[in-house]
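One chain, chain A, appears in both complexes that follow, with chain B as partner in the first and chain C in the second.
On to the complex of A and B.
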């Protein structure tokens, strides 16, 4: 299995003149759909892709037909973000600490650019997230990919979360009061 | 006078070999894997991530293995590694109200919306050594009960419940566009504002904060605390990449949170009400967040017109000494060669001693 560009163009090196400033809105919205709706959709799938497990993404990728060639706009890079929080949960912001993140950007042969920003240090995870992000911007492929990739990944995440939560809920205290009643 | 001291090179190389052998221990015992550390030494991993100030379970596990389980050394390793990474920016503030709660307790209210969820905790164990864990065949795969339903999707904060009555101070973001202090890029400044203090405490040494928090309870800071709420669970982390122009979730982290509620008699500007101390840490670091919340409240003395009488209220004392990487470095630098310094001290003490002896003789005559 390979996802390298067949023609070898620009693999592993930023493409000339392919500035990252060209990224916003690079996925042309399908006719009639407002830009905010597309943005909300993209937020949703990028979140699902970032929170998915790498093994699940690999599996999903294995199922994809017509894998596109792509070139890197920015090869995977490991860095970090400063995680912010609020005093008391709701007050002024403060810096809690940092978190490792891997990011990359690429352009598939259809012209769409995909972006990967994922927690941790897996370059492969960022790469798969970015390539799915690019493919999902293709109005012709979105419905199928959403059905076959994004929904199952989201369902798997929800399942893990639900299982964890139901385990926690088994530890919920059920207070009861012992009534020492008067005889009547 | 500077005297070059050479000749330690081979000794140092050999010392590295000795430490590598010590770290490995008895070769007849299987070598520890990072997955084992990550999965079975989770609370050590959490402490290293919190005080190393970098959320990455794999790196924390590596640091713990490399440091032979010396957590302060592991924290140092993680902090050092961090300096090699580029920073992409700052996240949106995490929202602990939207936490997928695995543990949530309140010592202030028994019956409260969302209930008391004990989750994973050693609080209710007997603290007797469990020899089942020492058994050769191990513990296998322990089974956990599952409730029919998950924990409530959204659990109100205890502080918000009190807030309805106006009996507790509110935590509001006065100016959300304001610059947030960052100790990784700027030195500490005094007076230190809450953002700087909380960042310092969040990565501060647990033992130091625990002792200081304890001191406030014993009368060196009197702030009559209640554990209003303690939470453990997962929160989403959202980040807005420059090139995208809108925020996306990039992952999920486990955090511990403690909302401490404290008595406050009131001041010229404020009526009597409860005040708050806040603790937050990566992973499951409950004791740390409780200590942090106590110290956070104590450090609000200036803001609340309280007199600063005790160490835990003294921000310079607390913030300058909370970091175990700095503290460990400065204490341990005493091991570095001070041969020349010591020679001059030796000469000084000899001359003082001579004068002392002469004076004694004169006095005797």
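On to the complex of A and C.
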């Protein structure tokens, strides 16, 4: 069974609280770049921020210069979302189960809106994810932040994932049947 | 819209046409913040709304510091934020039907926005003079009178209009309402609305930070 979920792409209808709408666009995309490309970029960094560990995010935040003031559009709130999946990635859709999600929305001084949707109950995690999301929409800061924050976080996540799958793989058992060749 | 070619022969990319409307997200560029402390503030506001419905005709101050999107008053936005959620379809009248207000309602309430007044559980009216007749909203059915619409009608003022005397449950002797900015037909329609009890719509009049409740049980004189 494969869960076709990457950063909320497979997260379906919410069971509680206001609806999780389709990811809002970032307002006006920078001229010349197609909106889909901007959205894909944003999905990528939102995914990295959501899957990072809180301690790593705090560390990254400590190193940020020029921290913006911000205003809450939606203070962090905890709710449940129904995760939907397809068996084998192609079968019929079914409800896999509910998971806890914390979300928030804020606007930084420059006017960009940041959204944070993270697994679990950490309001601080959602807040930091939203602030970074807002900062990354600023074309002038994106390159630096991408290099100094997003890449290391993505690398750390890949390492964790790799380690876990190695550990799981070491306990893997292959079952096979020898052909006895009695009937030929 | 399934047209793939226009009369002058140019072809329109079908996927672009379809996706532009169907998958439009919420524009958060100029979204106003909602309630700062959603749980406690909406409980306090709900208490005020109950008071307003229990004492028809008496103005209740919502004491909210909400920063509402134009053209909504703080009280209007507060009522919508308190009552609407993802399973209450909301209808917005033509003056308030602007991208900022639509984003505001979809983002903070999660409500589906409907095009026809009779499909809505709540209706947001900011231009009372040109509002649809009361009979055009959902009236409920005999088995389920609760399936009627609740109207949030924003008025220029609650003191300067013609005097109306209200009677009914929640009013000891009589209450006087001087709501300004209502259309000529309004009180006639209200008599028809009250006459079909238990069916009919309920109304919150809002102005500034204040609201007045007008449940379907209220009878109007004069």
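Here, the second predicted complex is superposed on the first by the 135 of 184 C-alpha atoms of A that agree within 3 Å, B and C clash if a C-alpha of one lies under 4 Å from a C-alpha of the other, contacts with A are read in each partner's own complex, and residues count from 1 in each chain.
Following the convention adopted for this analysis, contacts are C-beta pairs under 8 Å (C-beta built on N, C-alpha and C of every residue); 3 or more make two chains touch, one makes a residue touch a chain.
Owing to the predicted nature of the structure, the values given are computational and were not obtained by experimental measurement.
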Looking at A:71 after the superposition, I want to know if it touches chain B, chain C, both of them or none. Which is it: first, second, both, neither?
second
Touching partner for A:84 - first (chain B), second (chain C), both, neither: first
Partner touching more residues of chain A, chain B vs chain C, is chain B
- request: Name the contact category of A:93: first (chain B only), second (chain C only), both, or neither.
  value: first
Inquiry  = If we overlay the two complexes on their shared chain A, which of chain B and chain C does A:105 touch? Say first, second, both or neither.
reply    = both
Both partners, chain B and chain C, contact chain A at residues 21, 23-24, 77, 105, 115
Touching chain C in the complex, chain A uses residues 14, 17-19, 21-28, 71-75, 77, 105, 107, 111, 113, 115
Within their complex, chain C touches chain A through residues 23-29, 31-34, 36-38, 85-86, 106-110
Seen from chain B, its contact residues with chain A in the complex are 49-50, 53-56, 58-59, 82, 85-97, 100-103, 110-111, 115-119, 144-151, 157, 159, 170-176, 178, 180-184, 194-196, 198-199, 202-203, 234, 236-237, 239, 241, 243-253, 255, 257, 259, 276, 278, 280, 282
Chain B partner, complex, touching residues on chain A are 20-21, 23-24, 39, 42-43, 46-47, 50-51, 77-101, 103, 105, 115, 117-121, 161-173, 175
